[in-house]
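Handing you a structure now.
Letters A, B, C, D and E name the chains as they come in the text, with residue numbers starting at 1 for each one.
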Amino acid sequence: MSRRSRKRHTRKRLVGKDFFPGSVPGILTVDFESPRPAIRVLAYGPDAWIEEDVSSVGSLPEYLRKWPVTWIQVTGLGDAQILQEIGILFNLHRLALEDVVSNNQRGKFEPYEDHLFLVGHIPKDEEPFETEQLSIFIGKNYVLTFQERSGDGVGVIRERIREKRGRIRNMGADYLGYALLDSMIDHYLPILETLDTRLEELEDEIFERPTDEGRSKIHDLKRELRTLRKAVWPLPDVVEMLMKDDFPSLTETTRVYLRDCHDHIVHITELIEIFEDQASDLMDLYLSSVSARMNDVMKVLTVIATIFIPLTFIAGIYGMNFNTEISSWNMPELDWYWGYPFALGLMVAVAGMLLLFFKRRRWL
Amino acid sequence: MSRRSRKRHTRKRLVGKDFFPGSVPGILTVDFESPRPAIRVLAYGPDAWIEEDVSSVGSLPEYLRKWPVTWIQVTGLGDAQILQEIGILFNLHRLALEDVVSNNQRGKFEPYEDHLFLVGHIPKDEEPFETEQLSIFIGKNYVLTFQERSGDGVGVIRERIREKRGRIRNMGADYLGYALLDSMIDHYLPILETLDTRLEELEDEIFERPTDEGRSKIHDLKRELRTLRKAVWPLPDVVEMLMKDDFPSLTETTRVYLRDCHDHIVHITELIEIFEDQASDLMDLYLSSVSARMNDVMKVLTVIATIFIPLTFIAGIYGMNFNTEISSWNMPELDWYWGYPFALGLMVAVAGMLLLFFKRRRWL
Amino acid sequence: MSRRSRKRHTRKRLVGKDFFPGSVPGILTVDFESPRPAIRVLAYGPDAWIEEDVSSVGSLPEYLRKWPVTWIQVTGLGDAQILQEIGILFNLHRLALEDVVSNNQRGKFEPYEDHLFLVGHIPKDEEPFETEQLSIFIGKNYVLTFQERSGDGVGVIRERIREKRGRIRNMGADYLGYALLDSMIDHYLPILETLDTRLEELEDEIFERPTDEGRSKIHDLKRELRTLRKAVWPLPDVVEMLMKDDFPSLTETTRVYLRDCHDHIVHITELIEIFEDQASDLMDLYLSSVSARMNDVMKVLTVIATIFIPLTFIAGIYGMNFNTEISSWNMPELDWYWGYPFALGLMVAVAGMLLLFFKRRRWL
Amino acid sequence: MSRRSRKRHTRKRLVGKDFFPGSVPGILTVDFESPRPAIRVLAYGPDAWIEEDVSSVGSLPEYLRKWPVTWIQVTGLGDAQILQEIGILFNLHRLALEDVVSNNQRGKFEPYEDHLFLVGHIPKDEEPFETEQLSIFIGKNYVLTFQERSGDGVGVIRERIREKRGRIRNMGADYLGYALLDSMIDHYLPILETLDTRLEELEDEIFERPTDEGRSKIHDLKRELRTLRKAVWPLPDVVEMLMKDDFPSLTETTRVYLRDCHDHIVHITELIEIFEDQASDLMDLYLSSVSARMNDVMKVLTVIATIFIPLTFIAGIYGMNFNTEISSWNMPELDWYWGYPFALGLMVAVAGMLLLFFKRRRWL
Amino acid sequence: MSRRSRKRHTRKRLVGKDFFPGSVPGILTVDFESPRPAIRVLAYGPDAWIEEDVSSVGSLPEYLRKWPVTWIQVTGLGDAQILQEIGILFNLHRLALEDVVSNNQRGKFEPYEDHLFLVGHIPKDEEPFETEQLSIFIGKNYVLTFQERSGDGVGVIRERIREKRGRIRNMGADYLGYALLDSMIDHYLPILETLDTRLEELEDEIFERPTDEGRSKIHDLKRELRTLRKAVWPLPDVVEMLMKDDFPSLTETTRVYLRDCHDHIVHITELIEIFEDQASDLMDLYLSSVSARMNDVMKVLTVIATIFIPLTFIAGIYGMNFNTEISSWNMPELDWYWGYPFALGLMVAVAGMLLLFFKRRRWL
């Protein structure tokens, strides 16, 4: 991951636009860089289903009348006009609609009179890890989802409906809402798997050789975990509040499924915490490895230096130019028959003693 | 940010004056360095609005009678007389008035019988980051705000009323109170954006080259985050208590907006926590970068030293002045035909062996 | 523990299969590497007991009719067919059955209408520490347990029933459920004992000599403690929720035993926390020991170097080749009668002064 | 602050005497080093006040009969006899009286049937920071305070009564109790101001030059903050419990003032926490500054050493005594016409290359 | 404290025997190394008391009939038979009896129908700090205590009864229970005092000279604090639950005393936390002291080395053997009249410049 790309995406996801001073609450200020909204309807009952692209909001009520459950999927948030038409049709609160548009809302749950409103983040498939906001309105017989780009986050649900896998076709809109939430949460799993693998590999790498690159990788990992935590943190509360809400069309059966969903998201948050612990431990490991290696280097090198310093001193002594002819006190060794061997022997003796001393102290 | 300026402003904002031993609770002790209060009234209804500077407190009741909502904005806290007149007119509690004056109160919410009292801090535009206290009284048909200096913190609301943007002109005083609170909270956003950018840039800077200046910048950043946290911390509670209060003129509609406002402030506090984490990580990054660089320096330099020490020792040996004429045991090498090349070869061999040893141990 | 094996088992236990995006909730996706389920029935009353391997699910109802308490132990989770038959027979919820199969579920408690459902993890006997999921359904007159492999985790209970030790034969299915839970919790004890011993030994080892191996051992220990914490963390809640549940066939007597069980598991979690503290302290101890030892080495070596450097300098002086014949200013010492002894004396004096200086400063 | 004095005062304030094993609960064991109790009465109503030293407990009831509010201030705790007489007169519980005497009680609030009992700590004016216990009994028409030594902690209240400043003379005993508590809390402020200044100065000092003295100052500061926290910690609870108590003579008006008081004490505890964060950051700053300075020293010095080592080696080479007359292979350089300049040039070249290398690597 | 002894006692106190897998809950497995139980009865009323050693459980009921309060003290837990007889007599639950025997139970409170059951730990007098389990059953007119060895933990209560000190003789069994609990808690005080003194002394020691022994002492202290925390942690809950229990013979008077007792134990836990903070700070102090000292050593020594290295280089230059006779370019200095003084002067100049440089940079 290049430094540049990381910076850009972090800047982008800090907060939504409705957040800035001067913005009027409840007035839609759309991001014109966002694609135009495309509406796709998937309506189904136990026996049949229909999937169509819809060009005008006006044709939506017909689906609602005809089909037991209608899923209206809006992709792209770049046109305030269309979004407001949808808002009027489904009686969505201005603030809720604003949250939908502002695309980097914190995960939240808001109950309204005739629908429930959820915001969550679905991780994108690309690297580096990024999330996309998924806003879900669960009504009596419809589910309304908003996303900026068509990710595959909800594609699996679409297929389950088409192929009648599981019980989804026999259940109401509340179950579809649960299925979307569950699918969103399940999408974090591959991310966690990848992180787990990366943590393991990094640990092996650092154990073998602590490099500057490894240090930078740990730092990146910690950063990604922080982003992940930020995205996941509000979800347990969202699911819990949804579970406890007394929205009439939320059936007991779906509640049992939500309990399971809650367990999953709690498990994910626990795993993230454990990964963060692990990343911190890894940093400690890196630091202690580096200093252990450095100590090794320093020790051996210093030992070498320390042995040669006294030897060089001895050589220096016998390199002095005192006049041996003036007195027999001046460096008589130079004129000894065994002078040179004696000097070499002295050096060997000193070196040996030092080595012995180091060995005893266990510095070698 | 110079060290001097930082010290001054921190000293100033520690606590309010009513805090000191010997002060009598409920007696206004104003700061005479504060500007004299100026009163500006902005009264409005769905169809019209009026904005006037008012010189005497006595002319205020007329606005209240005539207009659906009256916003009295008092700027400057330097005259106890005027403030007490206002206090009497609106039946403000002595302690509340004291909180208004003491200008560095902790954020708080206090419900009184016929008005609600909020204290918050609005960040100033200038660098370094500083905040100004904004005290808000929300009555049945009026909002009373107190600030020390006229910041632009509430200017956006003023314009929204004038230009009838959003629904503010159709709503009561409670909505105006919410709008002020929301605007206050939204003002933290640019600060957070700036901090985010600074954190990113600092990270790049430190990754490239960890300098003493970078270290000092991280320290400053941590300090600013602490100040920010201190200002923001009480706000979620303030909003929550306001939301839950059963003040009669607080409408259900405004409560929904407050819920949104609560989400924003919670998001901000979470971001601050994440920034603090990031700043700590940055410090760790700095420290590990510095020690990594230092290790690099030390390693190369020590390797050089270690290679040359034995070589110098060899040179020292052959610099000894043993008398080669007295015996053939005394430094016969000096008289060898290939003596000098032999010595040089010995040195090259030793250096090569050491280099090999270092390479094998991966110290190079 | 080899690095390879650790990686494998961590990968395996991250999350269950039902977790992945695209999986349909409530549809059993079994792990085909898991052994085929084997059913073993142990039915008992106060006076008699019978233990048989059962090949088809169809023969189970007879035991339930005949015996006060029937314990059906299913080992192996590799065949969706058989598991679903059991699910239908005992009216198990799809999600519960899915949790059973997905083998790395977080510990949980779920009350259903006619049975209670518990998931916990029982540590295996092998090294390194690994756990196996134990799923327990407690019905009116039966207990149903699922495990992937036949560990001895529940063998002690089996023997207690056979030999009529304690009161188990006189109690209902709820007591058997408690006994299984209690046995599961008790299995953590030997693990903790081992960890305690390892912590003690490691501490002694590191106090004596901080090695790289010791550092790696601490890291492994921290990792194991993290895994252990992950397994144990949900259990206090599980026991507490079980205790508080108003399941009709849960007797008051069993509740008292569960209170005891709760104390045990709380004690275990406290011990794990204390061990984690201890492991962190140990890492600090290691780091400070290493740096203390390094300081020792560096100090002695540097002292040696520092003493010999000035001495070598003196020797260097008298090794200079200034022409003593040209003037009496050029190295007259070389021609002194006592020149050499004087030089040696100078060296001894300098060395002595340095030693004295070091002693005074307590660097020796 | 000398090390000796600090130790003494910490020993003294650890716990009260009633705490030790063997002490009988409810039996007064006074500290005979404490001064004898002196009783001073200050009785007042809206129109008049009287202040007298009272020698016997017997004369107290008269004040209580005559005056709306009587404040009995007992200074000195060295006589069990007098204290017990007071206890009997005001129907004080044995344990409360014991808490009064044991002078280092934790801050607490205890409601009794006909009076409320508060214990808090008022900081003394002297340096180093020390606190004195202030015990307050609030009855229907009296307030009873106990202190070991007559500090000025409550002097400001006394003056406010005498000079009829604020509303104190018009209010009941409950307001006097509040005023004492408020004054006690306000006394922490100057301490916090001093600490804030010290933190700022210390930061400047350490930024400029990290000395051993600075390190010791940080350590002292952390210690004082810990002591301060210990004294302040229980107070928010004390005020909160007092606020919520349904003691009949606690008026609604006083409750509003207590709410303000609660805000102050919460603010103080938050400031202490922030100061503790700051002190920790300061320690980190110190450590990183020291190591940054050390790195600077080491780097420059090592660079010098590294440049001269190869040069000295070259000089060593040409100091060898090989016999140049025996062969032209033996140090022919010595007999070159430009030999010496060549050697010097070689040295300059080596030094230059090393400097270049260091510059490129940015080590200089 | 020797390393060996510490290890042994930690091993011993990890968990009780009833904890291990395979143990049957409710079946007494006594530790045969424990002494045989000795029963001592102390029965009393307001006017008289009797104290006797009792050899058979059968003689206990008589005391219960005759005396208002009977305290049965059982010392030694080595005989399941006797303990079970007592259990039957007083209708003790199997699990409670098991907790009594398993001697390293976590502190707990359990209400039973006709008695209350408390487990706590009383510190032994010996060094190193160890605790002994004290199990207390409080019945209507009796208190039953179990200890493994006869410590003096409860001796003070015994004397208070004999000598009728305080109100104990006039109160019921509930007050005796409180007195035992209070005495147990008070026994922690001398331990805390000792720890406080040790922390102070250690701080002085480390400030003066950070030694390896000091480091090991801090480590031991942290360990003891951890053990202490483990023993004390459950006690506040125990006292609180006891206070709130609606056991009929627990009088209101005793409840007031328990409130005091609760304050004490909370104070103790707070002190332990503060001590742990202090110990951590001490470790930081040690580390920073060591590195400060090391820096001092390194700095002075490196400065010495750095000054002499260039000097030795100069001496090396003039030790070269270039042939001065061949050209006037070859070391003409050697033949200068002032050659030697010039060389010495050069050395002094270089040394001076380096010293000046170091002084300017404040490295000296």
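The definition used in the following text is that contacts are C-beta pairs under 8 Å (C-beta built on N, C-alpha and C of every residue); 3 or more make two chains touch, one makes a residue touch a chain.
As the structure is a prediction and not an experimental result, all values here were calculated from the model.
Overlaying chain C onto chain D using CA atoms gives a rotation of 145 degrees, to the nearest 5. Spacing of chain A relative to chain E, judged by their CA centroids, is 41 angstrom.
Centroid to centroid, with C-alpha atoms defining each point, chain D and chain E lie 25 Å apart. Those residues of chain B in touch with two or more other chains are numbered 291, 298, 302, 305, 309, 312, 316, 319-321, 331.
Chain contacts here close into one cycle, and each chain has exactly two touching partners. Starting at chain C and stepping first to chain E, the touching chains follow one another round the ring as C, E, D, B, A.
Those residues of chain B that touch chain D in the complex are listed here as 3, 7, 10-11, 14-15, 19-27, 93, 95, 99, 105-106, 108, 110, 209, 212, 215-216, 219, 222-223, 226, 230, 233, 283, 286-287, 290-291, 294, 296-298, 300-302, 304-305, 308-309, 311-312, 315-316, 318-321, 324, 331, 333-341, 343-344. Put simply, chain C touches chain E in their complex at residues 156, 160, 165-168, 179, 182-183, 186-187, 189-190, 192-193, 196-197, 200, 204, 207, 256-257, 259-260, 263-264, 266-267, 270-271, 274, 277-278, 281, 284-285, 288, 291-292, 295, 298-299, 302-303, 305-306, 309-310, 312-313, 316-317, 319-323, 326-327, 329-331, 361-363.
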